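Each of the next two complexes has chain A plus one more chain, namely chain B in the first and chain C in the second.
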Partner chain A sequence: MSNIAGKAYAMNVITPIRWYTAWLNKLIFWVALQRPATLKGLITLSLIHYARWVIIGRDQFPHVHPSQPRETLKYSYMLFFSNFNGSWDQYVDSFTFAIPSGLDMFWKWNVRYSKSVSLTPFHKYIRYNQLDTLHYYNAYPLATSNDVKSARIVKAKLLDFDSATRDASDDDFAKQYRTLLRDLQHDLGDMYPTPIVSMSAYQVERRQRWHEGQLDGSKH
Partner chain B sequence: MGNLSGNAYALTVLSPIKPGIIADEQIAYADKVRSILQGWNGLPNSPMTAVPQTYLCRYFVLDNVYTESQPGGSAPDTLNDWLPVVPDWLRRAAMPAHDQLKSRYLVFSANVYVGPSGDIAPYLRGMWQAIRKEVESIWQYCYGFDEVKDADGFAAYIQRCALPASLFFVGSNDEPLPEQLKALYIKQQFARFAVDNQGLPTATLRQNFQAFMKQIAPHELATPTWEPGKYRLP
Partner chain C sequence: MTYQLDLLDIQGNVLRAYGRFRYPAARYVFFNIRDGAKGRAFVAALTRRVTTAVQWGEGPDKLPPPEWTLNVAFNYQGLKELDLPRESLIGFSPEFVAGMKDRKDILGDDGPSAPEHWDPIWQHNRETREHDVHIFVSINGLMPLPKDAKPAAVQAAVNDAKARVEAGYRWLLEQVAAQQGGVALLGGHRGDNGELLDYQDVQAVLENGVPTSKEHFGYTDGIGDPVFEGVPYDAERINGRGKQLANGQWAPLAAGEFLLGHTDEALEYPPAPSPLLLARNGTYMIYRKLHENVGTFERYLDEHGQRYPGGKELLAAKFVGRWRDNGAPIVKAWDDASKARFDADYKAADGHGKDQLLSNFTYDEDMSGGRCPFSAHIRRINPRASLEFTRDEQDPAKVCGAFSVSEGAFDTPGALANRRRVLRRGLPYGTVKDRSRDDGNHGIIIMMLNADINRQFEFVQQQWINYGNDFKAGNDKEILLGNHSQSEHFPSKAVLQVDPASDDAPYILPRLPRFVETRGGEYFFVPSLTALRMIAAGTVDPT
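On to the complex of A and B.
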């Protein structure tokens, strides 16, 4: 199991939804797509890299070969995949505290959805319907979603500064350099590895320590 | 299309796993897939580092669907408590039904850069070209994969197993991965530069800055930069 890759956590949740109300959920998502303002709450949760909702109709599970038995399900299903920074509790709680009504709007047609408030039944609901990831890959385990966003700003401002000061006097250079640092205060910062950057990184470093004789091989 | 948000694409794949057993190992195909994927966690880094334009991705095996466990508590339950004449079958009819999948599924979910075309096929062909051996090692146990012989066949097969996203939210950004990695490299280096060059005379600072810009080569995406999956700093 590997729900963690660096600073990202992979959440998978699968929940049943009555086949005759699944279209309502699809409609809600469609409206959210047409009116991006409805996603403003999600944008405030800056700890999210990427998230998605997928609704599988009860007769829409992939059927790719004649020898494969067709599914005969009573419910349709909603899959939720998220990539976020921080711990499970921080993430689930931030949903409850920041966008409870938005969350309820997306899940309200799911069978026995507990509502996002109060917290304990909601935790139980997510925990019960969550599936663990076997292998999780992150192209930038050292970075958070905010790091990725701010890196883009740092790069752009640095290039602007470089071209604007190429022919400037020393005094002007110093002044603009200070302005640059002040502008970037919110975006600069060292990125350090977390204690366990990924399960694979953990395994590699454990093996390395084992080779260096720091671990007792018979016990690991 | 729900799969696309700007230049980023949400790929959701459910490939049905055949119900066979590997005789030598006495292990079901689905468990073999699980074991191989677990094995990837012990490698120096994920095979997916070689697949261009992959931001984040995950694999797991879906054994079955879930039925929410919370017992009772619906209106007929309460009525049944108050009025014993409310029949038990009515109370039970409101309980969640039990579902059972007939196949287990290999789930592959990826967030990738596809560019303005919105076409996922080039990404999938790139995946086949980069890690064909690893792809075959897990997908060989899935229905219909026997017919996959090349990159085009793989792209077509995966698209048959793919499901459309109803909503895809990009909280990060949708730049090409090499752009993101270069920007992260620059951010890290510049943060250190700013700390190391505090309080210097302007002439020295300027000289150091020019040397710094030359060293980081901001317009060169290939190098110096962070390689995909980099998890340690020097």
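On to the complex of A and C.
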């Protein structure tokens, strides 16, 4: 198992919600999407690649084969699915520090939701309902969400610069070059491997590398 | 401030940075416990002399500051050797149990900062039973008021402070002797000529014989120490040091960010060992010896100071976010005119006014980093409300290097910073005899205090000093403390941003060398007076 791939962490949390209040959540999601301001905090937290909340009705779970036993579920469920940069603690903590009221609004109707403040009951709620990721692939393991955005900006700006300066005089080129650097002054961060997410994840990684013959010595 | 702390129960070094209270010199001493019962008797003797956080001063029951202070802390093995019950021991945090050396990969202590380069006392710690560090003791000496302001008189007063440290140390050695081998002093601190000393001496850097609050690179240290609820002598220091509120006001941080047994910013008690009496009013302390490569710093600053458009001193200010001459924050003094204004205001201000000029600022007017770069020291270790930010333009073709406040995005503007604060204590060590060399004995001993080592100190060290993603700076590190790459092919760099509305280009600091290297350290627990007495009496019982 690994919830981590490169600089990204995959989190799946599935929490029960009473079928007769699920529509309230759908309404809240709908309002949130209509009014982008409600998601401003989430978007400002730049460590997030992606976050999605979905209501799965109690009769909507996939039944893929006739041999699969039919289930009778008491609850509907809310699936929260997110990819983010950094550690679990960093992510969950950023959520509760920065947007506790937003979290409470989304999870409010979920069974035994503890509220996001204080922290420990919220941590326990997420941990208890989290499904670990069995397989996780990351095409750009060195890139954070910010790096991906920056790369797109650098590319667009470089192409523009290239076409705009093709026939420029030296002075004009210098001026435009300064402008290019200034425009990109927040997009030139180095891209190297992630800091160690935790000592246990680091030890797992070292053990794997040792088994693959990439590490010398007995420390594995 | 209505919150009341039990000042007689809290150790003095937790609430006071002694340097600010006229204690310019100190000595740190470490012990190994050879016998649990004698170790407890030693702790009992020390406890009777421990300096509390009580308020000093005039009044009917005038309480003068002590001539020398004494404070005590233990690491995990120390508490084990003192026979704390297992049920209490397992309540301490995992990183405290593991110790600083074990956490080197989190802290970025690699290359020249790796434990094999640490002072022998720290290299040997947690390797063999008889070399394990168990107890930390600090002694700070009070400087008497000099007869006049002349350097000779001030120098004499500083010498008196050092003599008082010596007096405290002699007393300490008597307590060790009284235990007849039950407690052993651990030496192995590198001194001026590479010799190994029995203690770590620290003292304020002197300029013309007068103690300053500067470190060896010339920066004023310790200005932005956090202020939290219930510290009586910090009541006028909240603005700029507490937490930034949405209405622009400042409030003290919750006591539980820095003291166990008090509610923290998440409205709960920080994780702590039981019983409550063991934990309450205690805290965790990170002790770190940081060597300063003065020669490398001077050379790098000279080289780039010649090229940098604003000149050498502005460049030095960009590294840290403060000017070297008076500590002026660069967000308030970003060019010649604003610096001249600041200097005039500073000169005219009284003590409190000066303090506010230095500490009371936000990054609200500098969200793009044109004044204080995103990799500058003070912006990284305490970003205040500046992480509530967003790009002005989302369309890649229109991006112009500008950020602004993402107003109202978070429930409170400082949300991402308020739970990452650490109290900073300690003083510089050694003297710089040759500013062109790295290999002298000079650096700082920094002691950081917080309720949660992992959430506060380690997070700042790993995510904000040695990494840059929260600042949208990729892997770019903090300029001064970052563990910059040793690789020829993949050197570290930093970007010094400019005003997006200007016609300037950002300055790129290439091939950043390591200005600072770790030379040792450990995680300690600083108990309350109540807990010290319980530990000494062997009566800690979580049932």
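We take it that the second predicted complex is superposed on the first by the 194 of 220 C-alpha atoms of A that agree within 3 Å, B and C clash if a C-alpha of one lies under 4 Å from a C-alpha of the other, contacts with A are read in each partner's own complex, and residues count from 1 in each chain.
FYI, contacts are C-beta pairs under 8 Å (C-beta built on N, C-alpha and C of every residue); 3 or more make two chains touch, one makes a residue touch a chain.
Treat the numbers as computed from the prediction; the structure is a model and nothing was measured.
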item	value
Combined model on chain A: chain C and chain B, fit or clash	fit
Touched partner set for A:Asp93, first chain B, second chain C, both or neither	second
Partner chain in contact with A:Thr120 - chain B first, chain C second, else both or neither	second
First (chain B), second (chain C), both or neither touched by A:Ser46	both
Comparison of chain B and chain C by chain A residues contacted	B
Contacts of A:Asp147 with chain B and chain C, given as first, second, both or neither	both
Which superposed partner A:Asp160 touches (first chain B, second chain C, both, neither)	second
Contacts of A:Tyr192 with chain B and chain C, given as first, second, both or neither	both
Partner chain in contact with A:Trp19 - chain B first, chain C second, else both or neither	neither
Chain B versus chain C as contact partner of A:Ser101, first or second or both or neither	second
Touched partner set for A:Tyr177, first chain B, second chain C, both or neither	both
Three-chain overlay, closest Cα atoms of chain B and chain C, distance in Å	6
Those residues of chain A which chain B touches in one complex and chain C touches in the other	43, 46-47, 147, 150, 152, 155, 177, 181, 187-192, 199
Complex interface listing, chain A residues touching chain C	7, 37, 40-41, 43-44, 46-47, 85-86, 89-90, 93-94, 96-101, 117-120, 144, 146-147, 150, 152-153, 155-157, 160, 175, 177-179, 181-192, 195-196, 199, 202
Contacting residues of chain C [partner chain A, same complex]	98, 102-103, 105-106, 108, 265-268, 271, 368-369, 374, 388-391, 396-397, 399-401, 403, 406, 408-411, 415-416, 418-419, 454-455, 459, 462-463, 466-470, 472-476, 485, 490, 492-493, 495, 497-498, 500, 502-506, 508
Complex contacts: residues of chain B adjacent to chain A	2, 8, 10, 12, 14-16, 34, 37-38, 40-46, 48-49, 54-62, 65-70, 96-99, 101-103, 105, 107, 109, 111, 142-144, 157, 160-173, 175, 177, 180-184, 186-188, 190-192, 194, 202-203, 205-206, 209, 213, 218, 226, 228-233
Interface residues, chain A side, partner chain B - complex	1-2, 5-6, 8, 10, 12, 14-16, 25-26, 29-30, 32-33, 39, 42-43, 45-56, 60-65, 67-75, 77, 79, 81, 83, 106, 110-114, 121, 124-125, 128-129, 131-143, 145, 147-152, 154-155, 158-159, 162, 170-171, 173-174, 177, 181, 187-193, 197-201, 203-204, 207
